[in-house]
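Right, I'll just put the structure down here and ask away after.
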């Protein structure tokens, strides 16, 4: 299995609901380093999995949807605790949609699985990985 | 699959028995950066896999069992070469025990697998990963 | 000249006033990795500059003053744009006060200068360095 | 499953054929940080997966085959776009051959899978992982 | 003294003339992580040293002058060994010119010194630092 | 001023005398990442400060003097607490001697100052910097 990863980052504010969050119930923030990994069983004729430049553009477009924002104010996250784990799932879903729409080119058609990692500090990070839904990979 | 990782470090001394270890047969030491990854198929109602603060406390408690020690002198490691690979297994077993004892809260009950990585230098690291024994995950 | 550095991090929200800040005028956030460097021309009799454990405790105490907060709501930052550069100066002043109060032990008396670095992302960071005021170093 | 990883780096030049490569069609270059991960279900009697020193020597020997070269000029890469993904596969094949030849010692006989990661910049990296062919692992 | 640093990277090919360079006399390449540090004794009214976004744009513009190229083919480097040290000096000169032209805004007028660091591998890097020529800082 | 840095690492054991060291009075250990920075006001005719390969060889030779050892057992450290700060000074002195002996070639003759940094963990590191004694730089 091949894998190709591109990285970027966002700087957001948010707060959590639930006593278990302790001081993180207050509005605070994070720099999330975001890593998007694409996996495919083979490369294309040019020896590419997906084009790095295209992958970086697509990841940036997705991150622009919430970068430099207080996530508590965004309708897309209404009713959700925007934990690091949850945001991994959120970015993963948007990357799968981008693959399904062909935004990552022909190479993207062969992507079998995607893993998204968000690093919130040098001491803690989360990830979500799953196969790309069949319709997308078709 | 979701994953949540917390990191910490220890500073230990030890020595190895066996010619294949060359100069590492002498008492030497290492700073091990320790990464504990918890995996679960879903998040809880608060969008958490395990609570990061609880995970950091539990990892620290386990590392306190051998941090700032010469591992050659600890009964728990008697008769063992405390290689990086072996120490990954050791920390993994203690984390699974902690999960089984409910020390990582309700979220910990859903943890399906644990991976422990120890980085001994910028040029070498080891890991051990395995499913959490069924009794623990029950 | 000797130097001893300890690191920690904070996760804060804030916003900036001024058109030049563009999207950063919105409430957003950052994980700041904070590095506190102490400089002294000589070591003490135990070959220490300052005790690492004491330095880490003191840095944490200072960071607890604004960690997990929206800096826009804290009286201590009223009327200030809490840029990365400015926060370096803020932490620097509190470290110099701690040195003056003897909170870093005898070793702290010999500290001639302090440098504080805050890393806001893998692509941008700031620092402030200055000599410790004479009264503090006396 | 256990894993043991060693790292090294190469500094190479190359160019790509195909319009999709944009400016990378010109002769340019890269520092590739190369990580070789060996996986095995158990350790040997000395608690080793593979000997780190031996693994580093073998990885270096393989990298010497193209380090400090323009890959466009090497017969081994003739007709290939030497993308990061492709180079992962190339190093992987040579590591599997080394395992089959017993160059990584008895420990190497138990290696079930190998993963090779090449980091081309802080923002992009690739990997190739696959089981070691049965003859090699026998 | 305050400092503000932004980082980016380039991927170039080149070769060196002189026996002391050994295998680096061949055409090879490097990913250079480039860090541009701006120093000033005080911040502006908005608590900025230089605008991070403007600094990143200007650094990118300068790097575009040789990114994805074989430096041996660029007239600007004719007759020079493009060592890491030399490239630091080259980028430094262009940043000072940008400051003199006011490309970094009013904040840039207060910049007293610039330091440029190029990291060629995890094990080697170089830097050049110097005061900004008076005409530029005026 | 130009600077050229090379990095390597050692894995050592040691213990400290003095109550202020707390648990570090026990035999423990560290992986020290060692960075040796050479500074010079100008480059040689080949645009080199010092040859990177020569600098790496010399740093390795110095580190071999105590790598994979319990520093408590080495005569060279008798009566000393081998703190991170102290070890920076130790390596610095040996690098200055190497420069004086011409071991870093003609480029080494122009080196005006040396800085040695030892990183003991992701959260703590120390450094020692000083001008090269005149006889050495002559």
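Chains here go by letter, A, B, C, D, E and F, matching the order in which they are written, and residues are numbered from 1 within each.
Just so we're on the same page, a contact is a pair of C-beta atoms (placed from the backbone, for glycine too) under 8 Å apart; a residue touches a chain by one contact, two chains touch by 3 or more.
All figures in this text were calculated on a predicted structure; none of them were measured in a lab.
Path length between chain A and chain D in the touching-chain graph (shortest route): 1.
Here D-E and B-D are compared, and the pair linked by more C-beta contacts is D-E.
Separation between the centroids of chain B and chain F, computed from CA atoms only, is 32 Å. Centroids built from CA atoms put chain F at 42 Å from chain A. Each chain gets one centre point, the mean of its Cα atoms, and the points for chain E and chain F are 27 Å apart.
Each of residues 122-123 in chain B touches at least two other chains. Judged by the touch criterion defined above, the protein chains form a pattern that is neither an open path, a ring nor a star, and not fully connected either. Checking each pair of chains for touch leaves A-B, A-C, A-D, B-D, B-F, C-E, C-F, D-E, E-F. Per the touch definition, chain C reaches chain E in the complex via residues 16-18, 20-22, 80-86, 88-89, 122-130. Within the complex formed with chain C, the residues of chain E that make contact are 1-8, 43, 46-49, 51-53, 56, 105. For chain C in complex with chain A, the touching residues are 9, 11-14, 23-24, 26-33, 67-70, 73, 120-123.
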